[in-house]
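Chain nomenclature is as follows: A, B and C, assigned in order of appearance, with residue numbering initiated at 1 for each chain independently.
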Amino acid sequence: MSRIAIKTRQKRQVIDLTDRINEVIRQQNVSDGLCHVFVLHTTAAISVADLDPGTDLDYLEALAALIPDLDYRHPHDPEHTPDHILAMLIGPSLSIPVEARQLVLGTWQRVILLEFDGPRERQLVLSFLK
Amino acid sequence: MSRIAIKTRQKRQVIDLTDRINEVIRQQNVSDGLCHVFVLHTTAAISVADLDPGTDLDYLEALAALIPDLDYRHPHDPEHTPDHILAMLIGPSLSIPVEARQLVLGTWQRVILLEFDGPRERQLVLSFLK
Amino acid sequence: MSRIAIKTRQKRQVIDLTDRINEVIRQQNVSDGLCHVFVLHTTAAISVADLDPGTDLDYLEALAALIPDLDYRHPHDPEHTPDHILAMLIGPSLSIPVEARQLVLGTWQRVILLEFDGPRERQLVLSFLK
């Protein structure tokens, strides 16, 4: 099990984790199996996506427009509720195959962290399974 | 592999599974690895969330408002279709790291069952991996 | 690790993978553990669903109506952006318990591939874990 920290710089942001995870895989000398990525927060999520220029902003705008503008009860900050719901919809975790000491991904797939309530330092747990 | 049953009490409900899963982890004497949670139903889902008071109702209302009100074909009960779509969007399964015989979670993260068509008894399968 | 290819026939389509995955499980002689399914594309997703007649079209219509119609930036094809966002919301991957050489699923659960930008040949990676 490895922990990595990712600094985010905006309220909402898409961050490419692929190279960072591959670096941990090489350091840990993981040859084949699965890499499990888990983010330890309720307003951030893990996914894969095509990161053609501009698409990160497309994703963030579409996701923002998705969540209905209701009168939320959240005790500290009701405006915070859509961040939680987006994190739940995308999900906090992903498992990706590993082969020959790197992630097995499609041509356009990048592993991403979706920040919905930054800027913050986000903690991720990487686990490797055979 | 362990199976647990969870009784839900409302049509839509958020149920905190964290203590129940940690209890199984201790009983099974799982020290480190991953805990995989899988719900055996198509109108319930597994996620993690902050469960500050009132947020469960926020999540359920936002999710209900998300699904478009179309003229669905579902043969037995077309009003049932949004329950299925929410279950698909959140997902039936989650893997969570385990360390020192308990789930590794962030400060605000609770593992939750989302019931979209209760009340029912829901079956979950827990698998442990090293 | 096994790779399988699935031919899709429509722009958007739900394809039942259950029998195909069970066949690989039997061929690989996997007795118990987890089966991890990962699709190597950014406009397709993996989930489980009830496939009562007509429900596949219900799911696809509801999902299409979910994504807001914004002025997307995607450099090659902005109309393509909703396909990416749906793939991200459903997710590229799923782990399912295996027992006695077959997937452990609820009565109504089928493992599905959701095609959002077909027709294409889609590549999937299956990994088996104990």
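Of note:
Assume a contact is a pair of C-beta atoms (placed from the backbone, for glycine too) under 8 Å apart; a residue touches a chain by one contact, two chains touch by 3 or more.
This is a predicted model, so every value here is computed, not measured.
Taking CA atoms, the transformation carrying chain A onto chain C includes a rotation by 120°, reported to the nearest 5. For the self-contact between chain A and chain B, the two sides draw on mostly distinct residue numbers; the shared fraction is below half.
As a whole-number value, the distance joining the C-alpha centres of chain A and chain B reads 20 Å.
Of all residues in chain C, those that touch two or more other chains are 66, 89, 91, 95, 129. Looking at the complex, you find that chain B touches chain C at residues 1, 36, 38-43, 66-68, 70, 72-76, 78, 81-82, 84-85, 87-89, 91-93, 95, 123, 125, 127, 129. Residue ranges on chain C touching chain B, taken from their complex, read 32-34, 47-50, 52-55, 57-59, 61-63, 65-66, 89-91, 94-97, 99, 104-109, 129-130.
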